[in-house]
Structure formats: structure tokens, C-alpha cells
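Alright, structures below, take your time with them.
Shared between the two complexes below is subunit A, which pairs with subunit B and subunit C, respectively.
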Partner chain A sequence: MPEQRFDAQVRQEGSVATMDLSGEINRGADDRMTSAYDDVAKTGAATILLNFTRVGYINSTGIAVIVAMLGRARNDGRQVSAYGLTDHYKHLFDITRLSDFMNIYDDESTALAGVGAGA
Partner chain B sequence: MASVAQRALNRFRRRKAGGAEAATGSGIQVAPVEIAPNDPLVAYFQTTSGAVDVDNLDFDSPAAEQLKRSGVKLVVPLVSQGELIGLLNLGPRRSEREYSGDDRKLLDTLAAHAAPALRVAQLVKQQEAEVRTRERLEQELRVAQLIQQQFLPKELPDLPGWQVAAFYQPARQVGGDFYDFIDLPDGKVGIVVGDVTDKGVPAALVMATTHSILRGEAPRLNSPGQLLERANNRLFPDIPSHMFVTCLYGVLDPQTGRFVYANAGHNLPYVRSGNETLEYRATGMPLGLMAGMKYEEKEAIIEPGQAILFHSDGLAEAHNPQREMFGFGRLKEEMAGRPGGNALIDHLLDRLRHHTGHGWEQEDDITLVTLERAGGEGLFTSAPASIPGPRNLPVDGENELASFSVGSSPGNEREAMRRVEEAVADLTMPPAQLERLKTAVSEATMNAIEHGNKNQAEVPVDIRVTSNGDAVTVYITDQGGDQPTFETPTPDIEAKLAGTQTPRGWGLFLIKNMVDEMDVITDEHHHTLKLVLRREGEDHDA
Partner chain C sequence: MSDQPTTPSPAEATPEPEQLEAAAVRRSDAGNWAKVSPTLHLENVPEGAINLNVEGRRTASPMQGFGKMWQKTYSVRIPSSIASPTDVVTQWRAAFSSFWPPGNFFYSPFTDLSPGDVALLNLKAVGRVKLSTGMLVMYVDDEAITLMTPVGHFFAAFNTFGAHSDGDDTIVQIQPLFRSGDPIYEMGMPIMSRMEDRFWAQTLRNVAAHFGVEDVEVTQTKVCIDKKRNWAAVKNVRHNSLIRSILYLVATPFRWIARPFKKDADPDAQAPDR
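Let's turn to the complex of A and B:
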């Protein structure tokens, strides 16, 4: 069961920057998540959309990485939303109350509609 | 009066041997006064009240004589709870007048206050000494464990056509068990199983030395007999006189099953052949007892379908509450007709548990090493090499689905998660419940690796999965002993987002929310998280 390396790629559409996350989110994801956020900050996007479709595993240290990024975004006045979470990780976002601070959508189109961009 | 007390207040101290002395205080010098426990003066002081004129002591007492010779005029016994714990010894009054009635009253009052205070001080001192002794012993135990674990194999050899399994569980006081696999030329493998007499650090050091000698010499010496002879001659000059090492060494050719071996007084290995169990016997003295010993060398072929078991005393000599030993004969019987590998080890441990019952304190290290040669057509794949280490013995009333260990390297929690998922595969748990179980196992294992075992790769996290029909229970045990809970149970996300609290600290919170019940079980050496998920067929997420 080799670990799937975490990656985050940023693509921007208007005021929305989508972060395509892949691999496993644990403490090892911290640096890449930080640099991806730096990329978003450079674009000046007002909204960040986290795409979890290709994320297979998140643990407590990964939750911490997400919390740190979310904290930074809130500090910078950016909205964060997410889509593509499995039911289990939606549950995790609920109990940790992450979902109180970011809107959770099922897929990209509903997410883009929800944040008022694209579709 | 203050000056009188000051110059003559002497410390009285009980000696370990039962004697006592009065040491000098400030002011005049008084030689230490030895009071033997059977000196009549002790009984006299214990029963008398108030200050005693030394010159009036007219019974036969060496201590009284000594007090007189030392120039002590007045003695005030310090008695606490009927026990003489000290003396205030006073020399002549400086004014050269006799001690007055007021002086004596004041001294009595002083003694009444000083005695309990002195007693408390003595008890504190005694307790501090005991704590230091206990800490030293615990530290020694940890050192012994560390040394021993350093020298156990980190992984088992992967021998195509052979199933290799090993189990090692140290006793609380850590005996001197060891085992090893040594890669040899031509694909052969050297197998070592040994036991150093004595326990603790000395045994661990002798074990480490023996290990190094065998490792160093084995590739150069083809003959197991010669290797043991060399090891004996190298150990003999330096080994402490009361110690020796029993050791079996054999060279296995995995291709042919040829096993050449010699034995320095270690337990005979057993070979299961169908429904009978054979013994591989070779004679030789334990290592380190006498120089110049020769070791008989034997050889045998381990045929397809046969399994060989190497074992230390810990299992066969385990006693039940009636003080009956498990026995070597029984061990042989239990092997007959059984599959080898981990299944054999699990079976033997299960039998051991039935023999000893609950609450058994392990008397000696237990080491079991077994190799089974694939039988019939085709070869089976060797079982994945697990990191050997202490593990829990099964518990009554629960069906054990899996029992395994992972080493304490970051990331191994995912291996634990995978194996637990595999273990519960037949239970058809609802998918969401299974996901919760996996997250809980992953988090608990991660905690065990980091907090309990401090990321020391060689220290195992033991994981046991059981089911009793109503619930699935997973026990995750690290070697951290009784430790405080590792983090705040209710993380405050607002504070974390605001940066006033670390973003971390979700582990225990997640575990608690994933399972129906979480318990912490600890003893001096182990810390176990017990995770229970009830099998209701309902999805908690729904």
C-alpha cells in the first residue's frame, strides 16, 4: 500500500481559483498546500474551490493542514468551498465543523454555480 | 538556654545494621555514639519520659558508658510512636551550674516537637531513597529492553517455498532470549536461537556480545559445530562467572531442506512431520562455561510439509496457578498435525493462555521461531514478514480475527488500516461503518507510533481484531506504558482558524467520533486503545 503523494494544482477561472488536490492528505501535504495557497494568493482570486475528487485518504494531520490553509484564507478575506468529498470525509468535515466554515458541494458544476462563477 | 541546646544538639541516626550513633553537632565535639539495638539503654529511653542524667545511669550498658566518656551530661530521648528515633545529647552547662528544672521542661517541650518532625524527615528521606532505587531499576529495565530489541531481527527472511514466523515476548524483568537469521553464501541461511542465563542489563550485554560473535564468524565458518566452538572460546574469558549462554545454531539450505546444526545446551528443536513430532538432538555444553569445548554436528533434511520449531524456556516452563508447568512434552504434542507459521504460533499461545489463565505474570521471555517447508505440489508464497515483537495474548469470549504487529515508522498506520479492513472483510459491515473503523484504526495506530513508541521503528504496535457477534473490537497497543492522554479531546475550530490554537490535535477527537466506545487500558509497559464498533447493521452516518 504505497503512499500516494499529495499534490495540489491551481487553475483560475475569473475570481475563482480551483485547487485540484490529489493523493493523500496528511502532515506531508503541508508544504505543497502552503505553496499552492501562495499561488492562489498571487492570482488575487476571491474564492478558493478545493477539488477533493482525487483524494483517497485524509487523516487528522491532514485535517490540520486543511484547517491551517482555511485559517490563512479567512485571514486574507477569501472564501473557501469544497467538492468531490466521499460521504465518509463529508462526515469528517461535519464532526470537525470544517463544513461550518466552507460550503461543501457534490461536484464541480454545482460548486461553481454555488460560488457564483462559471455555470 | 538557647546556647546550651545549640552546642549540644546532636543528630542521632539509626544504622542499617541495627546499630545507632550520635554524631557531633555544632559546638563541642562529641564522638559518634554507637547504640546496639540490644543495648538496654534503648529499652530504657523508649520507656522513660523527659531528660535523663547520664551520670545516674547505673545499669550495664556499653552505650551509656560511651555517652559518659564523651562528656554527655544530659540526654533527651526523641521517641515517636513508641520508637526511639534520636537523642538530644547535651554536654555540661556553660555556666558550670547544673541544668535547672526550667531547662529540663524546655528540653522536654523541644523533644516533643522535634521527635515527630525528625520522624517525618526520616520517612521522607527513606521514601526518596526508595523512589531513587525504583527509578534506577526501571531505567535498567528500559535499557535492557532497548539493547535486546536492537539485536532482534527487524524482519524475517523471505525464503521462497518456506513460511517463516517468529514471536518474541519479553518477561517484565527481561530475560536473555535472542534469535537471529544470518544470510550466508549460496543462498543458505543461518538460524540462531539462544538464551542467556540471568536477566536485565547484564544478560542483554552478554546477549549482544554473543550476537556479534555469531554474526561476525558465521559467514566465514561453514560448520555450525565450529562456530559454536569459536563462540565459546571467545565468550569464556570475559563472561561473568555465574553466566552462560545456551544456543542452537543451524544452517538451512532452503533449496534442498538440508539443515546442519549444533547445539550448546539449548532446548531441542521440534520437527512436525504429519501427526508426529521429532526432536533434533545434538549435544554440547552451553557457551561460556568451559574453554575448549567441542560441539556435535548433525544434519537432517526438512522434507516438504514438515515444520521446525525453535523455542526458549518461556513457554514450556510457564506455570499455571497450581504451579504445574506447561511442559516440553505438551509443546511437542501441540505441534503434531498443526499447520506451521503464524497459525502454529497463535495456536501455541492460545494453549499457553488456557494453561496459565488470566492475570498470569509472564515468568520468562518467550521466543518461538518456526519454519515450514511447503508441501505437495507447487510452493506457497512466504507469509509477509512481520516485525516480531511483544503482542497481546488472546482474550476469552471473543473470536480473534487477526493479530499482528507493525513497526513504529510513520506511515505504518495505513498498513494497520489495510490489515484490519482485511480482517473484518467477512463481517460485511456497512460501508460507512467500515470507513469509520478504518479512520479510527489509522488514528489510533498513528498515535501509538508517535506518542507511545516515539517513532522507534523497531518497537512494535500490536493490533488485535476480535468479534463477538455483537461488536467488532480492535486493540491497539504500544509500549509507552501508562501515559497521559495525548491531546485535548475537544478541539476548538474557531480558535484554530483564528490562529490562537494549533491547527493540530484532532486525533483523539476523531477516534472518539468514529467508534461507539473507546477505552484506554494501561499497565506499566503498555498503553492500549480499545475501539468498539457495535454491529447493528445500521449506518451511523445515515
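Let's turn to the complex of A and C:
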């Protein structure tokens, strides 16, 4: 199966920046994830929502890319939450203990309500 | 604060989430990952191995550690005509412990590393102290193996051992993403970091030598991902595997004295000298 190129687009609602992730999160995702995070940093958003709805594959180097992004967010004082994960990837976030560090929601509306974007 | 998108919004091209889910072609990778287990369990501990600090422990990702978060990358190049990335990882996986520097032991339950395996590590430490710790094989595929540390290990880490193509070469790489496990380890970071550099550089040279490539140059990069310490992880000190390994060494004479009494109490006990 051909590899789906990774992409990350940023959109902002108030203090929440949503990163719409798509394709495969692997070693090749590092540069794009970093530049997307830089875009978030420019907005000054306090919270990042990671949208995994269009992510087709995550390998261990992809998890490291996500952890590195979480590390940067923590360093900058930003909260990170996620939504749109399949059961398999929720399971994967449990294995890697990423779920200890981010709230995971089923969909965008629940996530936005959860992080208080509507307030 | 601006509510304008900072990069082109995908909103126009983005249908309902259900449609997106259906549209995303998902590759099956469930077999590459370890299964979730609340704690680690060791099987087939070899006689003579020091079995401490693994059984019943939880794993720790780099987010669960204490110190600054670092990402290091160690790389060597070997011609792809000698070995493809898949060749490298297949053989690395099959003889993982044989590439470690002498005097350090990686006891895995099976010869071929598989997701979910828990390995016991006995590492050279200070003086006569052998540091006993472990690793979970978190992920394995054709081009990478990722190990995750237990709480109490000197690093809270993902260590990825992989290979990929770059022109006519295969880049063989070790990439730890880590924090020190607790404040005591953090104080020793300058020393531990140098030891780690030597350890993984030698491992890569051994992998290259396995394919007949000698005198390779090991390149190294080091990036600080998060310079803030994670004070919530101070409590990891109570699991510190170095302290527990030192206490184990100090208690050795007492175990020798107690051994005959233990045998009397349980005549079927194997009582290996661990």
C-alpha cells in the first residue's frame, strides 16, 4: 500500500488551535509537525487540539514525533488534547502512556467543550 | 487574538468526520505493537542474571521522566549494496544483545525480538555494581525496533533502533527520546550522557562490523526538546534501579549466609545465585 504523505493544517478558534493531521505519522512527519507547531506558537493559543480523524497509520517513530511535540508544548505551557482516534490508536496511546498527558475525546465538538473553547 | 487560520484551512475540503474516517485508508499495524499490560512480567530469567527492578513495574514514556527532555540521534552509513534497511533491522532484531558493548547483557525471552517481549538488562555501572533494569519491546516492524523503559530506569525513554535508505547508503540509526528518570539520575546526567554516547556509538560500530563494514564514522546530534523539569516525577526516586542494585550488592553476604536455611526450608528450591 503506498504511503500516505503526512500533513498538518492549523486552524484557530479563540484560545484553541486545532491541528488537523492527515496521512501517516512516521519519521517523515517530523518536519511538518514541527512547522505546524511553530504556526500554533505564532497564534499564542493556550490549547492544542490534535485531530487524528484522517490519520491512517502511526508507527513508533511517529509516536516519538508526537511526544516531541508534546514536550515542546509543555515547555511553552500549552495544554494538548486529542480527538478522532480509533480504538486501536487509543489502545496505542495507552501502551505508550501518552494518554496520561492528554485528554482524549471522541469528536471535535466534545473536545472543544472539554477544553472550554465555548466559554 | 486573531481567529484567522494560520495555514490554509482544510474546512472547505473537509467533509463530515464519518466521511473522513471512511476516506482515510488505514494500514493494519496491530501486530507491530505490544499489547497493553498494566505492569511488566519477565519470563525465562537466565541463571546468573540479576533480576531486579522489572517484574511488576509500569513502563515510563519520556513524558513520565523527571529531567529535561532530549532527543539524540546516532547514525552510521553502510552501502546499501551490502545491506538494505530491512536486512539491517532483521539481523539486528535476531541478535540484538550480540551488538552491545562487552560486559553488558540484554536477556530477552526469545531470540527474535517481538512486540510485548520484556527483556532483562544487566549493565556495567559503578565499580562492582551491575545495574539491573529492563525494557519492553514496544514496537517492531521491518525498519525499526522501539524499546520502552520501566519506571526506575535511569532514563524514561523510547529508544528506536532503525534503518532507512539515503541514496546509495543505508543509514543505521539509534534514536533515544528521553528524560532522566528521577532527580538522582538527573544529577548524574553529564556522566550518564557520555556513557550513553559511548555505548550507542560502540553498538552501531558493532552492527556495521557485522555487515563487514569496519571503521565507520558515528555521527551524533542532540536536541533539547523540553528544558523544564517534570517535578511530578520526583517520586520516581523510590523505584531508582541504581540504588536498588547497590543495595542488592551490599546485601550479597547476607544472602549467602541465609541461603542454606532457605534450602532447608524448601528442599525443592533451585536457589540460583542471583
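Heads up, the rule we're going with is that the second predicted complex is superposed on the first by the 117 of 119 C-alpha atoms of A that agree within 3 Å, B and C clash if a C-alpha of one lies under 4 Å from a C-alpha of the other, contacts with A are read in each partner's own complex, and residues count from 1 in each chain.
Assume a contact is a pair of C-beta atoms (placed from the backbone, for glycine too) under 8 Å apart; a residue touches a chain by one contact, two chains touch by 3 or more.
No experiment lies behind these values; they were computed from the predicted model shown.
By the document's definition of touching, both partners, subunit B and subunit C, reach A:Gly71.
A count of residues in subunit A touched by subunit B and by subunit C gives the higher number to C. In the superposition on chain A, A:Gln4 makes contact with subunit C only, while subunit B stays out of contact range. When the shared chain is aligned, subunit B comes close enough to touch A:Asp87, but subunit C does not. Looking at the shared chain after the overlay, A:Tyr57 reaches both subunit B and subunit C. Of the two partner chains placed by superposition, subunit B and subunit C are both touched by A:Arg97. Residue overlap on subunit A between the subunit B contacts of one complex and the subunit C contacts of the other covers 1, 57, 59-61, 63-64, 67-68, 70-71, 74-75, 86, 88, 91-92, 95-98, 100-101. Residues of subunit B touching subunit A in their complex: 411, 413-415, 418, 432, 435-436, 439, 442-443, 446, 491, 493, 496-499, 502-507, 509-510, 513, 541. Residues 1, 4, 9-15, 17, 20, 22, 24, 27, 36, 39-40, 42-45, 53-61, 63-64, 67-68, 70-72, 74-75, 84, 86, 88, 91-92, 94-98, 100-101, 107-108 of subunit A are the ones that touch subunit C when the two sit in their complex. Put simply, subunit A touches subunit B in their complex at residues 1, 3, 57, 59-61, 63-65, 67-68, 70-71, 74-75, 86-88, 91-92, 95-98, 100-101.
Those residues of subunit C whose C-beta lies close enough to touch subunit A in the complex are 1-11, 14, 17, 20-21, 23-27, 29-30, 32-36, 58-64, 69, 71, 138-139, 141, 144, 146, 148, 158, 160, 162, 164, 175, 177, 225-228.
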